[in-house]
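I have placed the structure first, in the form of structure tokens, so that the comments after it can refer back to it.
The first chain written gets the first letter, and so on, giving A, B, C and D; residue counts start at 1 in each chain.
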């Protein structure tokens, strides 16, 4: 079963998630820079953060399916499971910004990030277990970033109980470590040119 | 006539339906878990339910067109007819959540689910009647799930008149029986490898 | 230049237009059927009408590009011009429903429909003039529906000045005559099998 | 690495940006042409302007990837960076219209346009530096329009400090010079037919 329709659907969902978050931004009533910062400043910052997360997931998802894994019902639903958690980002992001990084909204935001990271690991595991998935396992190697991310999200949730703002530090750290582009799969394809389906 | 553009358009519509429902969720004013549960709890639950329904339709739609059926004007409109009913899910879901599962909104929600199920059966029938549709008929077999779903939706509508909440039980049951992935078409393709166009 | 990206982009825009109109529907505050009809009845009817229009444009657009016309800058912008008018449907539809079919909103809605019809004719003309466009001209034949639609839209605008509701009659008539699927291009492809690129 | 998924994702994001701006338009309460002009006139004009900008970016993006450049992590993120600035257009456009072209909103709108133009230049530069990018460099030639656009945006920002409305003149000028379709890449492909991947 080809994966192109799964990719097209995921692209659509991710494109919408990344875009509709802007609809949640309150447009200032005032005409000054202060009113912009006050009404939308925090919203813009959290939008940027969530935009980067979705961009990372899209980029990794893109790499994941480049090795043309086998797609069956299990992969379809592991993928929908991931998309479900990502689809909640606009909601949890909006609450975080609206409450100006209060305790519970920060924890809920972190839990949303954590669930998405776990869903991604499940999707990866499901694909690796399919016939031909060994190539993806080889390409991923130790998957340091993939394993570190949920740990950092959990750390952020913990730190939020000390000071809510502090919880954002490990969240931002995840974005930063992933922004350094992941060349594992690109490298694998380059060194195994005959392998690509 | 190739079906890829019909698939791409349907993917787009389904991706949007599945995602924009989040836009309908009210963001809590408070900063506590109680305010989240009170403001958005029911909305999140009904969102989850509708997300699963749309996921099921996408997954089945994906299987339906895997056998590369002939696409003509009749198939185009049977498909648009299905998309119309699915496009109303965000609206009927929002009303259901807003009224906290009152009688009429539950019945209207059930009627929406029922109309979509009937539209899907029409689409399936139209495709089966086209040249080459016999392969799809063979793959579907007795189509127990497909025939059971509208019955359960109708049952839910009936039960809602007893107690509105009770009507949701058969609705949830439909989601559960479909979540067990439908392997019929995958099995058919595997056992008829030469048949794929 | 291949047309697939133009098609994919148009599919995306049309999928969004057709779907976001639902977001404009007001969710009733009440729990009765009366409150549904009162709050959303007219909105649902005009949504259905606009859904059918967008469905017709998508279906015709799909047929238009099936003959694989040459795509250059002129075609790109004629297509964007069409998408612009179609993108205003959610706005003019919402005004029509909100004002319960008052005079000016009906005229503006009709003008929107008329501009889209003219934009479609321009797109068709631009494609016919490109090298290889003769095949599309042959397939279109007398294009009775295409020529009749703007006339009916103009008639509806005129009738709206008598009684606003009366203006909707020719608008609905256009939807009805197009719902009878257009088999010209399918017929042309079937009778010129060697011609398809 | 193929570029089709990058193109599909960008098409999705651009299709949504171009369409959701309509959701931001306030539907008039009144039933007269005056109420339409008063409530939505400026919104419609700024929508038209931003629609043209997004159309231009889509059209140029389409040309950029027609030469099938190499796509790696750097190109992915340069592309996401461009999409980020474009995704803010609905927000800055809404503020511009809401404040009836006040000073700061005009400057912010111009800054948004400028950042997108710079992001586009970065994307172009990143692609040119990849293996095989020389063909794009040849096709672009002196890139007069591409170099002129940021200058005009900066000029508009400057003029806004004199009279806010005056700042819009160079902004509109950019739209006009790009609407004259860019035939460079089409010409290059036509004169180097063997070169297309």
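Throughout what follows, a contact is a pair of C-beta atoms (placed from the backbone, for glycine too) under 8 Å apart; a residue touches a chain by one contact, two chains touch by 3 or more.
Note that the structure is predicted; figures quoted are calculated from it, not measured.
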Field: Classification of the subunit B:subunit C interface as same or different, half of numbers criterion
entry: different
- line: Farthest chain from subunit A by C-alpha centroid distance is chain C
- prompt: subunit A and subunit D are the same sequence; what rotation (0 to 180°, nearest 5) superposes their CA atoms?
  reply: 90
Chain centre separation in whole Å, for subunit D relative to subunit C (CA means): 26
Cα-centroid distance, subunit A relative to subunit C, in whole angstrom: 37
Message: Which positions in subunit C are in touch with at least two other chains?
response: 8, 12, 15-16, 20, 23
- prompt: Of all residues in subunit D, which touch subunit A in the complex?
  reply: 1, 5-6, 8-9, 12-13, 15-17, 20, 23-24, 72-74, 76-77, 80, 83-84, 87-88, 90-91, 94-95, 98-99, 102-105, 108
Message: Looking at the complex, which residues from subunit C come into contact with subunit B?
response: 7-8, 11-12, 14-16, 18-20, 22-23, 25, 27-29, 31-33, 36, 40, 48, 51, 55, 58-59, 62, 66, 179, 181-183, 186, 189
